[in-house]
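The following pair of complexes shares a single chain, chain A, combined with chain B in the former and chain C in the latter.
This part shows the complex of A and B:
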């Protein structure tokens, strides 16, 4: 998805820091870890990784990836 | 009444909820709505809906703008829960009452050049930290949550003290004409009935729900609209385009045959047709507002703290009991 250049907080690979500040895991309401290399928001307590697509966090438990044992 | 045997449940319709975390796991909350189905329909609606099918969300956005206008405070951080269009977030932004508005679309991000979605959420489990937001607005989404009290409690917790929550969604006797028409037609053609129109929350229940969720100064009211369509099929097509076709978990999984649809349309036309041949459909929008408690808010005085006699105020004489 291409976005107009005026939306500075939407460049690929970035999330608005203000949004990151208020986001938590929807299931456990605990803090999330932002992994920019994988474009994922990690919930340690729920063992889930929420995908971030085109800079938009998809905070749906049904679309989250279950963390592997070594993660 | 004898019910026809239920066809086997569609396995794809029951999402693999993770045990222990699902809001309905192990509790007695009935699963009325098939949320995975609603999510799929929302995505289809975004991909295929022609222009003009978003009139209801536009109406809800107007309602929210009207409710925000008289509020005498500014909100630093706002979350606008809605979708598939940006109408709700735009109403909050254009009110001038909010600093940063985050557009949170339910289940899928709808496109918008001017005000794109910031995140995608499931409004049954909003992903916001405790006391993190000053204003939460939910437009046309809460009619489909299975656990409205639980959702309201979660919204209450994400608000900062003196934060405001506004919501408008479908309730009351909405689509009662369609429910009646299907009941009558299905009883005739199959000898049984299956749920086809969602149950909606009554406005009289909402004030209590808000209070139980911990909101101060709770207000709930409703606005009853009458939509008019050329035929009942146009109403059904509009609902489908909005992604609002039958969302019930216990719905009949087999296809609805043309005979039943035609009979339902005949019942509909007979009971709700106007002189010009068009048909009426009731759409009741329920609205609620509540504040996260704060010491600056008005509240009742302690009993016995009055400084003036009631009898004086009423200019009458007090009769001892």
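This part shows the complex of A and C:
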């Protein structure tokens, strides 16, 4: 997982890169992909996108978006 | 009606899948005044109890890598800030809480106090979003009694710890001294909900807190649950005659 350098800053919508290193999908415990354009953490194995709001990842399946067929 | 798994919600038994939502609502309501209410309800004792937890943890102040702690149900950051402070900044604490309102309060405080080394994640203690074997310590202060399936949360604690990693849990417990138990009962059942009504303008939420304390397993029963989850060298220390207890264990 590579992160753009801007993520190290404490700006709105940024996420701590050290936090991203330790996060996994709570359902499948597999690694996540960071999608900066949508501010989401993608779990391919669970087909879910976890939102990141104000820099806080919301790692709850109930709050996650289901991935579409083309994603 | 078919039997559904149930969990305690205060003195009521509720369906297991309903408990989390009810607990969420309580903490959304009380988030802003949570630490103030803790001060009033415990007459400031919760600070001493949290200090006892951090002293027992004794996070190292130096080392090759940062000392990694996950503080579960610690949304307002109170315990996390103490750990970072005690470690001289060597500890990095990941705060996981299922409640967004509590995390919001914690993050605002971290920014206001310019505390580095604390990060916030919204997560369920029963399904932690962390790799196995990541943390040197798992702490949880006054949180585990609000988890619907305590055994599942304990298994997750075990999973995310490194070998040698330590589990420390602070929770209200059972007062076992004569007279003191009666005084405590009267205080908790009458005085605390009244304080909740006046200070947080929310008597029901605080009635829930009191009732959930009384439903929580006593020192020995909780110790057995921690052992069942796989921990070794499990023990506990009573604080203030058992009003609270600090349980500890090690993943070997």
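Please note the rule applied: the second predicted complex is superposed on the first by the 61 of 71 C-alpha atoms of A that agree within 3 Å, B and C clash if a C-alpha of one lies under 4 Å from a C-alpha of the other, contacts with A are read in each partner's own complex, and residues count from 1 in each chain.
Here is the rule we go by: a residue touches a chain if its C-beta (ideal position, glycine included) is under 8 Å from a C-beta of that chain, and two chains touch if they have at least 3 such contacts.
Note that the structure is a prediction, hence the values are computed from the model and not measured.
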Self-check item: chain C versus chain B, contacts on chain A by residue
Solution: B
Practice problem: Would you check which partner chain A:46 touches, where first means chain B only, second means chain C only, and both and neither mean what they say? | Solution: first
Quiz item: Touching A:28, do we find chain B (first), chain C (second), both, or neither?
Solution: first
Practice problem: Scan A:16 for contacts with chain B and chain C and give back first, second, both or neither. | Solution: both
Exercise. Report for A:56: first if it touches chain B alone, second if chain C alone, otherwise both or neither.
Key: both
Quiz prompt | Intersection of the chain A residues that touch chain B with those that touch chain C | solution = 16, 18-19, 22-27, 29, 56-61
Self-check item: chain A contact footprint on chain C (complex, rising order)
Solution: 92, 94, 98, 100, 103-104, 107, 119-124, 127-132, 134
Quiz item: Okay, in this complex, where on chain A does chain B touch?
Solution: 3-4, 7, 10, 16, 18-19, 21-29, 31, 46, 48, 56-62, 66
Quiz item: In their complex, what parts of chain B are in touch with chain A?
Solution: 15-18, 21-22, 36, 39, 77, 100, 102, 107, 109, 113, 116-122, 125-130, 132-133, 157
Quiz prompt | Residues of chain A touching chain C in the complex | solution = 16, 18-19, 22-27, 29, 54-61, 63
